[in-house]
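For reference, the structure is listed below as structure tokens.
When the chains are written out, they are named A, B, C and D in that same order, and each has its own residue count from 1.
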Amino acid sequence: MDRQQTSDSSGTWQPKIIAFFCNWCTYTAADLAGVSRMKHDSHFRIIRVMCSGRVDPQFVIDAFARGADGVLIGGCHPGDCHYMEGNYKALRRFHLLSRMLMSMGIEQDRFRLEWISASEGEKVRTVINDMVRRIRALGPLRLPAGLAELDGELKTREEEILHV
Amino acid sequence: MKYLYYPGCSLKSTGRPYDESLRAVFAALGIELTELDDWNCCGATAYASIDENQAFGLAARNLAIAEAAVTDGPPTIVAPCSACFLVLTKTQRYFEDYDHVRDGVTRELAAAGLTYRGHVKVRHPLDILIHDVGLPAIAKLVQHQMKGLHVASYYGCQVVRPFATFDDPLYPTSMDAIMRSLGAETVDWPLKTRCCGGSLSGTIKEAGLRLNQHLLVEALRKGSDLVVTCCPLCQFNLECFQKQINKNYDERISLPIMYFTQLMGLAFGIPEKELGIRRLFIDPLPVIGALKGGVPAHV
Amino acid sequence: MSEQNGEIRIGFYVCHCGHNIANIVDVAAVARYVAGLPHVVVSREYKYMCSDPGQELLRQDIHDHRLNRIVVASCSPLLHEQTFRTATAKAGVNPFYFQMVNIRENVSWVHEDPAEATLKARDLARAAVRRVAAHKALQPKTVSINPDVLVVGGGIAGIHAALTLANAGKKVTLVERAPTIGGHMAMFDKTFPTLDCAACILTPKMSAVKNHPNITLWTYAEVTKVDGFVGNYTVTVKHKPRYVKEDLCVGCLECIDACVYKEAKVPDEFNRGLGKRKPIYIPFPQATPQVVLIDPETCIAVKSGKCKRTCVEKCDRLAIDLDQKESFDEITVGTIILATGFKTFDPKRVSYYGYGRYPNVYISLEAERLINASGPTSGELILRDGRRPKTVGIVHCVGSRDKNTHRWCSRTCCMYSLKLAHLLKEHSGAEVYNFYIDIRAAGKAYEEFYDKLLEENVHFIRGRVAEVTDWAVIPEEEGKLIIRVEDTMIGVVRRIPVDMVVLAVGMEPQSDAQEVRRLFNISCSTEGFFLERHPKLAPVDTFTDGIFIAGACQGPKDIPDSVAQAGAAAAQALMLIDSGEIKLEPNTAYLTEQNCSGCKSCINLCPYHAISYLDDKHRASINEALCKGCGTCVASCPSGAIHQNLFEDEEIYSEIDGLLAERSPESTAV
Amino acid sequence: MIGFLSTKHRNKNGSPSSGRIKKVVRRVKYESELDLGFGETIAERAYGQKLLSCIQCGTCSATCPLSYYMDFTPRRVIAMVREGFREEALNSFTIWLCASCYSCTVQCPRQIHITDVMYTLKREAIAREMFPRRYPIPILARGFFDIVHRNGRNSEGRLLLYLYLRTNILKIFQNTRLGLHLLRRGRMSVRQEKIHRKEDLRSILGAVSPTREEPRS
């Protein structure tokens, strides 16, 4: 069995998405979605940060490596950052990182950056539902398993080389 | 400028003068119209009353043909008939907005070996004239200024509602602007988008005729010499039922109702034969010719 | 008492929140599950963790079980994090050894499947338990509060807030962008439901502002820059040139008489263009300050220099300065109250009401001016075409309750329409029709006012007007404006001919509300009004500490509500000022010097200039007093030398790991 | 069933002619007589749930150019649909008078697609055959449908012929003059317009899922 939980009570595979939400906008918007009882898909887990600029690319890679099927970053709209320009930093990093992830074979739909202001509870719902839908269509990432495989492969290569 | 042209059934019969004058005017403006190959009926309002999914499939065949016909850039269909314009736009919009419409249409087209990806732009001649051609280019072609002519622009309903974005849905001004660029004066009347009743004049006479009576009386009350319109059904209702309206409601109305492209053509100096002027029931030339500096009746 | 021998002892509490959480999340299962996690000593469920007994439970457990880490799974940390931190601290544990799990807003309120919700709650709880183990003890930073206050906007809300603070002995700067204070209220004739005259109750407050020793009043001025943070804001204010020296002008108005324009020709803003003014003018008789100003767009002297300058000659105080330039002031304040007000809906957006096309279609503010004794017609109800109306139609909900324009109810239009109906009838004896969707008269003595209007035989037709035209169908309609409406009570479409139409336009955000909110670093709600911190419990706070909102900039409000909010905002500011200091989240960044490679990549990242480069030591240095704690530099440091309190890498990795960790076989059974 | 209004029985002001003795009618509606799911069904078929957000403001009725002729204003039809008065809604004259001018749709403050609701009700009524036998509007729709179905294009001359044959044959003579005028000016022909690839059409229409508008039981 995979490291991560892979199925719901009925046994079908369910994606797992890690969401880094800015405290001032998207996290508040998610609260608003809650207060407004806007029902949405449950297969995501929020980590609160003070700013989308705090999201270290390593966090994203770590999440994928530990079995996440998708990573979502939620920040303030351009021009609205609580800390003036942290979201621009997040955007720049996002572009670099998504290119890198793609080269690793991680599909574009699995990594997403969204601007969601504190009042956009509805957008939290649509973004999450949409992301879950896309990732369901892609299926499990199985990066940990893939990494283990790669690890094993490297080891056999190593052994081959050593034996030669 | 090159566009695909979707005349629709009406422009092949009652709306022939619209078809003729539109082609002539667009040619004069250097616009190339290519008639859509083997187009079929858009489905109009009546079809959707019977089977909406079929109506979408029917309309989408035209969109699919258009998409296949143009390889460079998104294809644009010019649809002069209001009903066609509405139905094709609606099909395009619902295709984008509703999954079940998109899935249904895709499946239906596939059965005929056709595909549609949703890239067609459906546009009305007014939109093209205002936004692509521009009023200065129109004014430049005018040979006979329509000075002193009081024109009521009648848009009808379906050209501006509910999907068109090129003008206000209840108080549009694009046709008025074109008429002013011909030198004419436009009357500000509140009924410019009030429905003519469509097919009601054939089905529920009292309702249909009454609507047209209101339109004609108000256009006259505001001092119009003639009415220009952009819809074949509106033109038909307003013009062809004037006798019956006079009889039923004790009116004495004789108001020329013409297509806006016909008046443009006259202003451009295009011979009236090419504009289908003789196909109208009420000859507008006396009104226009009577004006100082207007078009003499023999053009 | 915590961590005496390095042992981590975690207490975990899951809250039922009555049925709010417990109905969807199997709280008992969550508590059982967490009990089995490493370091967890106590794991409990409780009905209301935020209640006194809930907090007492926590305190008792800390004592009895020597707990040194606390995790509470309940509502959003934005709501109760402070509550539980305080409870933790009271029991002798550093408050930052606490971590909160949001299983209400993020779980039970948004998910419907109990199994899925419970699973999610357990994942989140597990992540928090892992995270809290990595927490460090921290001390909150405190900053002192500058007692001076800035109030932006000189409408009734701004005026009331400024006076309240000034009367409490605080120094207030009131900045208003118009040439006078008074705002919309100054334009009203009477106020509902008491019908007392707006000017009579407002002008004393206006002059009180002008004369108050603690208030600096800057009109015709705008805030252009805001720096700093709670307690210590530095604000730049631009003074627009009025071409008149404010300190010299005494408001004798002789310059206006002397103007080369003998007749007033320029549409007068205060009377909504219904009256005329000269290029040199005073907005209205009671304008505060009583200082004239010159409109550069129409003044010949300012525009071309070719003028006899009779006004300059006339003024023996030499107050007129046609070369005046804009100037800037910088002030420091501790708190800011925004009372920037609203804008009325522009009915040209709804073409079917004919505003701008038919001269006798008015908006409500124009109607106020028409019946006002100091208005353009001296209170005579004379229409633009010179007629006196015999019938008037008041159209409610113009630009309100309409998804095509604004979804919200503007809250004031029903009542001011009733007021206008009464006043118009009183002034002209006209038949008055109100066209409404619903009458919203929910205020003290409002319903009684509605009752009075009904008894005055004003017509109330329940139906939203579809169009106003001049289309006459029968002779009786000739020359009239025709209102087409369904009388929904009777179920018949009616055509009602009237002489005058009043559009009861709704309230919308100021057109520059977005720029203003960026300037002050606050948020707007979806409709564009300023967003309050909490809709019920923090209605005048914003998400930015030290910045408060009052009046219609937060949402449509009538005068009593605006004044109440202004008082509340003043009280919130006073609370900060009188406590003298505020505790800030210790989420600042810090540097481990030995790891810094001196690459300088962080230096330009910091928008607050909190990071500098020490040339002698070849490494960066962080000034924690300037750091606001976004963490952008932390994420960018290639050598991992920068860290953030409360959001340490290790803490976030633990959280990721916890969320994605393998579950033990027993736990999969829900 | 509610009868269709006829202008003949009304005086100039549109109110019932006076002088006739009115019958006393007992009116009550029991919940069990209603189709309580009707509102949701129609809302779903007419693009979205917005129908349910109607605030009964009457904008649709007031902007409708034909509401003067309706037995129930469009607002009341929406109320009936929402509350499950299925028979009344489907029997109303209102749905047939709708000329699809979309005034109500663009002005509705709740953005209800009222024209689509009317289409949906028309289809529902046609599926249930809830309209009088010689009633011209559904017949015209059906005639148009058949012609286009067969040939891919409409032919206005044929359509009019079809309509008058099936409703009131006498009207043909009333309108002959108009027809002749149109013929003479080349604006009408009884020749049938056809598309070339009629097999396309058959395939497309054949592929439409058959279970679209089953009447609710």
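The rule is short, and it goes like this: contacts are C-beta pairs under 8 Å (C-beta built on N, C-alpha and C of every residue); 3 or more make two chains touch, one makes a residue touch a chain.
It should be emphasised that the depicted structure is a prediction, and the values quoted were computed from it without experimental measurement.
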Original post:
Hey, which pair has more contacts between C-betas, B-C or B-D?
Top reply: B-D
Original post:
In angstrom, rounded to a whole number, how far apart do the mean CA points of chain C and chain D lie?
Top reply: 49
Original post:
Where the CA atoms of chain A average out and where those of chain B average out, how many Å apart are those spots?
Top reply: 52
Original post:
Using mean CA coordinates as chain centres, what's the chain B-chain D distance in Å?
Top reply: 24
**OP:** Could you check chain B for residues that touch two or more other chains and list them?
**Re:** 170
Original post:
If you look at chain C, which of its residues touch at least two other chains?
Top reply: 352, 467
Original post:
Which pairs of chains touch one another in this structure?
Top reply: A-C, B-C, B-D, C-D
**OP:** Using the touch definition up top, name the residues of chain D that touch chain B in the complex.
**Re:** 7, 47, 65-66, 69, 97, 99-103, 105-107, 115, 119, 122-123, 126, 136-138, 140-142, 144-145, 148-149, 152-157, 160, 163, 178, 181-182, 185-189, 193, 195-197, 199-201, 203-209, 212-213
Original post:
In the complex formed with chain A, which residues of chain C make contact?
Top reply: 76-78, 102, 104-107, 109-113, 115-117, 119-120, 123-124, 127, 518, 521, 523-526, 531, 543-544, 587, 605, 607, 628-632, 634-636, 644, 647, 649, 652-653, 655-657, 659-663, 668, 670
Original post:
Any idea which chain C residues touch chain D in the complex?
Top reply: 352, 397, 401-404, 437-438, 462-467, 484-488, 491-493
Original post:
What residues of chain C sit close enough to touch chain B in their complex?
Top reply: 351-352, 354, 357, 467, 469-473
**OP:** Using the touch rule from the top, collect the residues of chain D that touch chain C in their complex.
**Re:** 55-59, 61-64, 67-68, 72-73, 75-76, 103, 106-107, 109-111
